[in-house]
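Right after this note come the structures.
The two complexes that follow have subunit A in common; it is paired with subunit B in the first and with subunit C in the second.
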Partner chain A sequence: MKASGPGGAGRGILWRRLVADDGPGRLLFYLPAVFMTVFFLVPLGLTLVWSVFERTMFWMKPGFTLAAYGDFFLSGRIDSFLNSVQSGLATVALAFALGFPIAVFVRRSLPPAAQHKAVLLFILPFMISEVIRLFALRPVLGRNGIINDALIGSGLIDAPLDWLIFTPTGVVIGEVLSFLPFMVFCGFLAMEGVPDYVFELCSDLGSGVVRTFVRVIVPLAAPGIFAATLFIFVNSLGLFLVPDLLGGPGAANAGTLVVNAISALDFPLAMAIAAVMVAMMIVLLLIGHRLFDITRILQPYR
Partner chain B sequence: MTVQESAARTRPVPAVEAEGIAKNYGSVTALKPTSFAIPAGSYFVLLGPSGGGKTTTLRMIAGLIRPTGGRVRINGADVTDLPADRRDTSMVFQGAALFPHMTVEQNVAYGLTLRRLPRDRIRSEALEMLKLVGLAGFERRRPHELSGGQQQRVQLARALVLKTSVILLDEPLAALDAQLRRDMCFELKHIQESVGITFVHVTHNQEEAMTVADEIALIADGELVERGTPEHMYETPERRFTAGFIGENTLLDGIIHGHGQEARLVIAEGLEIPLPNAPVGEGRPASVSIKSEDFRLAPEAVDAVSAPVEVVDVFYLGFSTVMHVRLPDGRPATVRSTTGALPTRFRSGDRAVLSWRPEAVRLHLA
Partner chain C sequence: MTHDYENPWGYRLKWLYMLTVVGVLMLPVFYTLYISFNYGGFGAAEYEFTWLWYRTLFENQEIRTTLGWTALIAVIVVACTIPLALLAAKFYQRTRFKVPFVFLMLMPLFVPADVTAAALLVYFKNLNTLTESVLGLAMFELSLWTAVIGQITWCLPYAFVVILVTMARFRPEQAEAARTCGANAWQAFWHVEFPQIRAGVFASTAFVAILSFNEYVRTNFLKGGFDTFPTYLVSYMLNTGMTPEVYAMAGLFTVVSMSVVIVVLATTMLRERS
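Moving on, here comes the complex of A and B:
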């Protein structure tokens, strides 16, 4: 169809008519919904459906069996899973202890113009592939790595610490280093929503550092902290690279279990593990929503 | 009466004393060395345009900003080196400075919980203060469920509950609409009178200042311009700046000519204001100000001094009418008259005569 009216103005009008509230173009705005349905909701549904399908030699066939769930819950896999939940919690706690104070420091002690730049520095590690970043930890944490050399050299220890890598501790160290930026970002954004008067108020009332942190800063930044917590926890459960590269033999998290199941062509099992993770995620989200209204995550407090 | 008491009565210790306090940020001066004393139990207002240094002054009294020079004394004790919480002051901040995650009662009680008082005492004191500020029954609400005025009342209760001898208020009513601000002014004044402690209130709003103040200090461009009672600041300001900031005054600048009975301020050719017995010599630049309500506009001269003018604008405001007129040399003047007292309805473009009594003229030498 040819645009009416003179020159470019006509095209503008046509475009505006297309995307007007009642024009056919309004359907364009449903594209994200279509995208989410095709690439998110449908796979999620398939995960649930396939997890109860019956296993065949190379694929699966329609049916209803809870065999895959039995395979997961009634085997050693559940132990690996619970262990990875445990190290996930440790990772979250350490990331909070290290990352949130950084966020508070950046927000409170740096000049406003430098704050965003400082936070952006934490993106730099993401420019390097996760595999390489994790692999680079081997010469740092290993028996003859930088840390052990430094500790022995300074006379603090006699024998190298051998639990820094290829152990559950190594997995936690690797995860904390990988996911720390999320805590810094979310913590910083949450702190940005905390108005300055809050800090003046605390110093006028004589609220000490610890008390201000526990009673005021953490509650006010809670939605951001929760967002970071969720993100880190889910990643530490699902990203199989970290236990693969730093966990030593037998190390596994939920991600490893899924990958192994797929390698063994046991698709219903892989789907069942994924479904359990999704269920856990939903429960966590519900709890978080109850506690701090998730719709307000990363939004200034008011 | 003990000896101490009588001594205190003869020379009362000011609640707040600033001795040459100053603040510089690098090469930028926020406040030049400034000294003043605030009598205990008074309502003291720091008034001035924004960026003039009044909030800086208040924050230095509070201990939230460290002065670059001078001393601050509270009830006679030097507190210059003490942090905010160790001073006998508490602060009411601009806007709704409440902890958003706490209830009204928790907000008020927070300062008391830090003092490790028994729980039931904290509760009863918090509730008592909420009652004093007219918020009984609101203790379970959260700040975002309150109106702006109510939030400021909670702040006031939070400050009062600490029983400090000075309350510092930093533009406490700036975020409220005009009607609410007026009501809150009356209420602040009532509360201050009933608790009898010293209030130091920062505002840029002169009506607010006039309503609550026992005394006003005008602060602009980093210095204390003038201080005095609202009546003094309005009726007999000494400084030209005061006359320009407070009230609705017409300011005229000129040079003194003649002396004794012949002294007059020559503003322009053909425009002179007699200043009999002006306390300055010939040739000195000076300014005069005349309040808008001291002018009378009529078809002909009705007072001792007069000048022909052209009416520029007429604003009918109901009870009063404000008229902008132009003096012979083009200078503007503002006239306010009760509408009923106007001899005729003036319209823009009319020729008229502006008259005033010689006593209405205030001379400003600085």
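Moving on, here comes the complex of A and C:
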């Protein structure tokens, strides 16, 4: 097997050694895992350690103090955080209500060849920078934006609606528009492997629309729904641009709190908030994995 | 295919709903694009088409420099991420530890950008102190490379998923047949498997390029003393407000991303047809 195969005869001996089954080349396969461990897992794990360090003027020094956690949990920060949890949950619910039916429709009612193309439609908004999409909401939702112009022009309202932007509603609108495509992608991906006869059986056996949805479709798509829910929830807590661009004065989420703590050179506080976020994410991820094996999304049935 | 065809109006209504949602998602972006060509900018009484704001943009030396940095980072990130994603997908197929590996690879998607970026920033600062005391050289000064590392942790999961899904359609028996005929692992991959997953690799290349081009939060934390286009745009916007130049920059951003997507979609569809 290690001998040069067809087309390989001209290559150098070094190359042949490298790609041989027991050659050093096989170590390359560990590279992605090593990279992710070194530059992702370890830094995030260390946030827990850094969060108990003592704050110094411009940096921090090793020690053990829970001051940073106190700063987070026993101050106004926890209120901002809980508010952002609320808008995160609202975002998830809206994204599910608006986006998941699309995934079901695409999977059930479109011919197989068209399904991927329909889902790709949602790639387009996702590929526009988050910064631009959020920024673009200002001229749309603002006092003299197109929505207010259209509503006033049609005589439906007299004065511009001023709760559309720079309010908690504005934050939720921005988040839903940012993350809705994920519900479509994940929902579709989870149902892609479900054979067509499952859906046909439901209607053949006379199961109603609601019953089919609750008892068949949602359980089958559960890993996808969960992945999308977690993604949307965690990212809506973290995206610090949303409160900055669309929230009212003082609007903040976990991301804003981290960024502000870093700008104030309070590194232990930033690391404490990061550690809380990571812990929350891991707990949710483990629960979700227990309930509905998330790796199922990645293994299309043949 | 299913009973939905029996009621053509319900079917059409659902199509209409789907297209409306896409339209609503895209509307703000197109609207800014429209404003960016207006001489008077946003809120002007009448619309007067002009290229002026785009010309100002390209005459601005600073912006040209930021575009250069953005392109350079995108090229490096693509060149590192795609091979890593291929290796990761291959590793996933072979390893016995599938679940921990998938968790490791996909976790960056579930951690907010600012949290990752802040953790990496503090990590790099600590590594600097460490390497400086051991080697006398701070190896992780904030620079192009720290920004690249931050972006790769973000792009790799996406590339991994796209390539993995494409690879799942490839039948491993073919590679095994090649191996039986005497090809080594590399030849079996390069001559048999790769041509069949080329579309996925191509798509993920474009995907990663756009993700890198758009990336703001991590780059902003981890870059050295330069600006990329997104970081320049945001700081400009926060400093000067919504000037016509900001709209033009947003428009440029949109056009670049959209043309990449359209080129990819068109190529994929042409390939499918032929």
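Assume the second predicted complex is superposed on the first by the 276 of 302 C-alpha atoms of A that agree within 3 Å, B and C clash if a C-alpha of one lies under 4 Å from a C-alpha of the other, contacts with A are read in each partner's own complex, and residues count from 1 in each chain.
One rule holds in what follows: a contact is a pair of C-beta atoms (placed from the backbone, for glycine too) under 8 Å apart; a residue touches a chain by one contact, two chains touch by 3 or more.
Everything numeric in this text was worked out from a predicted model, so none of it was measured.
Novice: Can A:129 be said to touch subunit B (first), subunit C (second), both, or neither?
Specialist: A:129 contacts subunit C only, not subunit B.
Novice: Mind working out whether A:207 is in touch with subunit B, subunit C, both or neither, as first, second, both or neither?
Specialist: first
Novice: Applying the document's definition of touch, where does A:216 land relative to subunit B and subunit C: first, second, both, or neither?
Specialist: In the superposition, A:216 touches subunit B alone.
Novice: Once the structures are superposed on A, label A:259 by its partner contacts, choosing first (subunit B), second (subunit C), both or neither.
Specialist: Second partner only, subunit C.
Novice: Who wins on subunit A residues touched, subunit B or subunit C?
Specialist: C
Novice: If you stack the two complexes on chain A, which partner ends up touching A:198: first (subunit B), second (subunit C), both, or neither?
Specialist: first
Novice: Would you tell me the residues on subunit A in contact with subunit B in one complex that are also in contact with subunit C in the other?
Specialist: 200, 203
Novice: In the complex formed with subunit C, which residues of subunit A make contact?
Specialist: Contact set of subunit A toward subunit C: 1-8, 16, 19-21, 25, 28-33, 35-37, 39-44, 46-47, 50, 59, 98-99, 101-102, 105-106, 108-111, 117-118, 120-125, 127-133, 135-140, 144, 146, 177, 180-181, 196, 199-200, 203, 230-231, 234-235, 237-241, 244, 254-255, 258-259, 262, 267, 270-271, 273-274, 277-278, 281, 285, 289, 294-295, 298-300.
Novice: Within their complex, state which residues of subunit C touch subunit A.
Specialist: Subunit C residues touching subunit A: 1-5, 11, 14, 17-19, 21-22, 24-29, 31-32, 35, 42-43, 84-85, 87-88, 90-91, 94, 98-99, 101-105, 107-116, 118-123, 125-126, 149, 152-153, 156, 160-161, 164-165, 168-169, 179, 181-187, 191, 207, 210, 213-214, 216-217, 221, 230, 233-234, 237-238, 242, 246, 250, 253-254, 257-258, 260-261, 265, 269.
Novice: Residue numbers of subunit B touching subunit A in their complex, please.
Specialist: Per the touch definition, subunit B meets subunit A at residues 62-64, 83-86, 90-91, 93-95, 97, 99-101, 110-111, 114, 144, 162.
Novice: Considering the complex alone, what residue numbers of subunit A touch subunit B?
Specialist: For this pair, the touching residues of subunit A are 195, 197-198, 200-201, 203-208, 211, 215-216, 219-220, 301-302.
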